[in-house]
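The structure that follows is given in the form of structure tokens.
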Amino acid sequence: MPKTVAIVGVSGFSGAELARLVSSDGELALTGAYSDRMRGGTVAGGVIVRPQADADRAAEEAEIIALATPAEVSAELAPRLLAKGARVIDLSGAFRLPDTSVFLEYYRFEHPEPALLAEAHYGLPQLPKTAGEAPAIEQARIVANPGCYATAAILALAPLASAGALDGGPVFVDGKSGVTGAGRKLAERYLFTEVAENVSLYRVVDHQHVPEIELALRRVSGVDVRVTFAPHLLPIRRGLITTCFGRLGPSVDPEAVEGAVRSAYAASSPFVRVVPIDTIDVHAVTHTPEAHVGVKVDRRGRSVVSACALDNLMKGAASQAWENIRRMCGLAARAA
Amino acid sequence: MPKTVAIVGVSGFSGAELARLVSSDGELALTGAYSDRMRGGTVAGGVIVRPQADADRAAEEAEIIALATPAEVSAELAPRLLAKGARVIDLSGAFRLPDTSVFLEYYRFEHPEPALLAEAHYGLPQLPKTAGEAPAIEQARIVANPGCYATAAILALAPLASAGALDGGPVFVDGKSGVTGAGRKLAERYLFTEVAENVSLYRVVDHQHVPEIELALRRVSGVDVRVTFAPHLLPIRRGLITTCFGRLGPSVDPEAVEGAVRSAYAASSPFVRVVPIDTIDVHAVTHTPEAHVGVKVDRRGRSVVSACALDNLMKGAASQAWENIRRMCGLAARAA
Amino acid sequence: MPKTVAIVGVSGFSGAELARLVSSDGELALTGAYSDRMRGGTVAGGVIVRPQADADRAAEEAEIIALATPAEVSAELAPRLLAKGARVIDLSGAFRLPDTSVFLEYYRFEHPEPALLAEAHYGLPQLPKTAGEAPAIEQARIVANPGCYATAAILALAPLASAGALDGGPVFVDGKSGVTGAGRKLAERYLFTEVAENVSLYRVVDHQHVPEIELALRRVSGVDVRVTFAPHLLPIRRGLITTCFGRLGPSVDPEAVEGAVRSAYAASSPFVRVVPIDTIDVHAVTHTPEAHVGVKVDRRGRSVVSACALDNLMKGAASQAWENIRRMCGLAARAA
Amino acid sequence: MPKTVAIVGVSGFSGAELARLVSSDGELALTGAYSDRMRGGTVAGGVIVRPQADADRAAEEAEIIALATPAEVSAELAPRLLAKGARVIDLSGAFRLPDTSVFLEYYRFEHPEPALLAEAHYGLPQLPKTAGEAPAIEQARIVANPGCYATAAILALAPLASAGALDGGPVFVDGKSGVTGAGRKLAERYLFTEVAENVSLYRVVDHQHVPEIELALRRVSGVDVRVTFAPHLLPIRRGLITTCFGRLGPSVDPEAVEGAVRSAYAASSPFVRVVPIDTIDVHAVTHTPEAHVGVKVDRRGRSVVSACALDNLMKGAASQAWENIRRMCGLAARAA
């Protein structure tokens, strides 16, 4: 008997990918879909799309409800669905930060249900397990699906932080994302004429994924790690690379660093692969649920570069949500 | 009476741009052009292109000879042209590093005329002047035109290094370049099918522009600065951004850093403009001789991001060579 | 003493190119510029941009006023400016069709000043001269600058129609345009995510340039020529190709057709060049005021293919307007 | 018991897609794979790739051998494999033209086994059945998989020709293809710098798919139809559109034409869909085995436009080969 899943916001880039993944997974069943844009149409698996205003009814038709909606919408909708007994996984940033004041600083709206911030489980399956983490995702009522940049930065940096390889000072993340990272936004900035043959910086230092990355690094290392982040918009539709830079701690053996990263992902998952850093590119991961991680030590500078490539709509959104939905249901990890 | 200029390698991307700039500059005259690919054709200004094997004759027809040739070719050709009394500006990396062992490590061939390495003037016009620099470019027999990544990294980092804002540890440079940065190379890596909708890392840590950047930073700051560099190939034809990351020194006032960068370029040049970092993009500089520099301090991390965008074929190659040729001739800087 | 020109709609793609061309032409002077988007800013030549609501004042500051505005705006504005004694060149379609009912069918709004439709001079400089054409552009009060597709289709087909090479049945035009052909429109259709790696058909058969092309072909041939047109949107920013197909008349010598096209443009203009059809591409004409025309006869089918490439913002809009402004002023044609 | 298939040339774009399709089809089994480029590696389904020089051994390991090799290679290899008792499907043009002199004219090499040209079955599953066609594909020893342009042109034109809607004169095909249409060729013409932001014409009138299209149209209509073809290279990786133009016969009812096209594909196949012509684009068919066909009559000109979009690597190559392999084995058509 497959576990039932409904998706709100099914017409967005991530929602549509998630519908495809759920409906082709024999152990899950897509039983509801909501979107104003596609209302009356059907999605993968033949499910009829209803208007988003009816989304509260999703709690009656599915055990797990995935919200592929803007953060403001998710923050309003999730509490209502939870109150009706459903479990929720949210693909927006509405539940990724446990601290309400940090949330306000980066998301710029008052969270309507701050108590849920502390309860939400941050669902990055390949993050090394830590003692204090609770509740386990199998019991979680609400799961926050990580941000695309955050996923890539954390996958690149967590093994270094966890192994104690970094010196304690700030680390640097250079993010490069395809245009679907912004969703289907109708803004001049995303017109073909503006994006093609261009690269641009935006939200340098202030991007909302910074606290999310810092939080994950503190969890795996037990110490504070400051992240200075510079995101860039690239002329590609999908795909994302984070190139991360740090300094090695004074007693760290440079020869051991690359091995530490390799072993961190050796057994953990079918979805993270360590590859030579000079072979990392976007083509290799596009349309797949995989992230590729590479690392290289600069012995002259006692510094380290680690990079991660993934498909922002898959491992950076929908396929990670699908991984999490399977974990919420107690199903084993497996290839898409 | 205009100063006479010949160009060897006039059919490459940089050589062609330089021919256009020289021939439309009333104070310079293009009097010779060499290329096997275009032999018998004409370039900007109506000059007939002769085979590259005849390039030694350039010394008879021009005061200044620009070499837009691969490093191995420039290294052989420059000494012969100098011996005939010409002055040379080289757009390759053949004369950018004064140290022969460093040269061998990064360029991987024995330099045929190592004495010239120490003599060559490194021509980055906006680099802050330093006491020991000699000879001045007006007297220089041979000028090394900087690399495209190196120009952008130095323009972003030199004001910070020069002002003593950095902490002495390694700085990090994330480079992003359009495909013309590699010249017109026929390699699978540069096919449309490989580049479009892709981004890829290459030569991480080991790129040959690393010692060039370090050398310039030492010149302007008087201290060693290690550079850890990660270059990326982007799906654009021209344009380049370096995004640079460093930590502030313990006694540095974070509030003063952004002003230091602005004042560094205030009076120096029509070709470097300081802009808000979140507005930096490639479109604004493509087909222009301008570099745009932006800087932002991360007060939480006591770190700094500085970025530079330029057109790799213009400020990263041809228009910088044109600036240098004018300086070699004692002509004032002016807009293209 | 340069002729004075003002531009309304100076912030659009075409308006901005025209400002650049006018201000760098020593025989013309840009004396006014209007745009809401750029109000208070400056354009090429240092002219301050005023709000579009003030555009009526342009008649006081310039002899010739170029309207780079939507057809509805041009149709309202032109009569008012003419009434104040200015001469007008309109880059929209508002004055390209002399017949009000045809205008209504294709542009879908009632023309507010139908009398002007018959008066307007259609300004395609390379169209072969015909006896009945009046008034000459030197005396014209209002000039309609041709559409981008129309210019390319007419340049490809007019020599064939004029030489009597076609059989009298419909001719076929396959149009392929870059995205700037649609202006800076904020519509989902023009987002990077929709356009990149895509090609799409639109307005097949019904496009508003059809009657404009038919009118020009009738002028040069004296007979009706039906045009069946299929436009396509391409993933490029600028550039346009029309590939045109026709059948040869029964008494036409196939061997003479290609020569007829070559001789049609031999002496006419610095701006149209006949090249081998298999060498036609967009790169060769982008950022130039040139159109490239190629023709090839299919002897087996007694049919002919003629193609034209041009930059839709230059020969398809701004540089053609600049050519026309010079002709309105009695200035000789010359390279940009 | 699945039918066994081997692929020679498995590392090319089409070969790799075909390997993926065969190995995920439960009624087929991939049992051999050959390629010099990937030798020693594995392809979809875990099959180890052997050098192409060993391809003769494919006849021992598979019932059906697919050749994704250049025409010259296929022409040599197919007879040897047939002699060993295997059945062959060839994705190149080596067996698409029954006439040896036409073959020589368009492919420019002497066919080594001309007798096979007449024997080969032309495998376009949606081509209307005709009386004289023999042998049926179930019995065919050798199947020629159609060209990408030819497939799209035939799907757009065959219903018109078959219904007698055309006037007997030449029809016109404007082809637009992504770069993978040329395979993984290392030529300057296919570099990113040449293709991006460009469109170009090539092989106008003379392209080798012309006789292939004419042959199919004669088969379905019983009369000769001349095709004048103009192919274009587009800045996309995959996807292809043919836009076709013809004149209606004198007694044809224009109102009936669009219905004739719709009914031609109503029952034939899960792989051809008739859609409104103004909605045709490449995105809708990329990575799918579907072709989209649209048609529109120009009543003013008594002419017709029909267009077809498909993925050149799927319906234009690999998925059509997979359809044909299933038909060779007597398996019913079904979705990929």
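Note that the chains are named A, B, C and D in the order they appear, and that numbering of residues resets to 1 at the start of each chain.
One rule holds for everything that comes next: a contact is a pair of C-beta atoms (placed from the backbone, for glycine too) under 8 Å apart; a residue touches a chain by one contact, two chains touch by 3 or more.
Computed from a predicted structure; not experimentally measured.
Q: Going by the touch criterion stated earlier, list every chain that contacts chain A and also contacts chain C.
A: Under the touch definition, chain A and chain C have B, D as mutual neighbours.
Q: Using the contact definition stated above, find the chains touching both chain A and chain B.
A: C, D
Q: When I count C-beta pairs in contact, which pair ends up with more: A-D or C-D?
A: Pair with more contacting C-beta pairs, A-D versus C-D: C-D.
Q: Distance-wise, how many Å sit between the C-alpha centres of chain C and chain D, to the nearest whole number?
A: Computed value for the inter-centroid distance: 39 Å.
Q: So how far apart, in whole Å, are chain B and chain D when each is placed at the average of its C-alpha atoms?
A: 49
Q: Please list all residues of chain C that touch 2 or more other chains.
A: 194, 196-197, 235-237
Q: Hey, which residues of chain D end up touching chain B in the complex?
A: 13, 179-180, 184, 186-188, 190-197, 235-237
Q: Enumerate the contact residues on chain A facing chain B in the complex.
A: Touch residues, chain A against chain B: 169-170, 172, 174, 176, 178, 194, 197-205, 226-228, 230, 232, 234-239, 241, 243, 245, 247, 277-283, 286, 294, 296-298, 300-303, 305, 307, 309.
Q: Could you list, by residue number, the parts of chain D that touch chain A in their complex?
A: Those in contact with chain A are residues 196-197.
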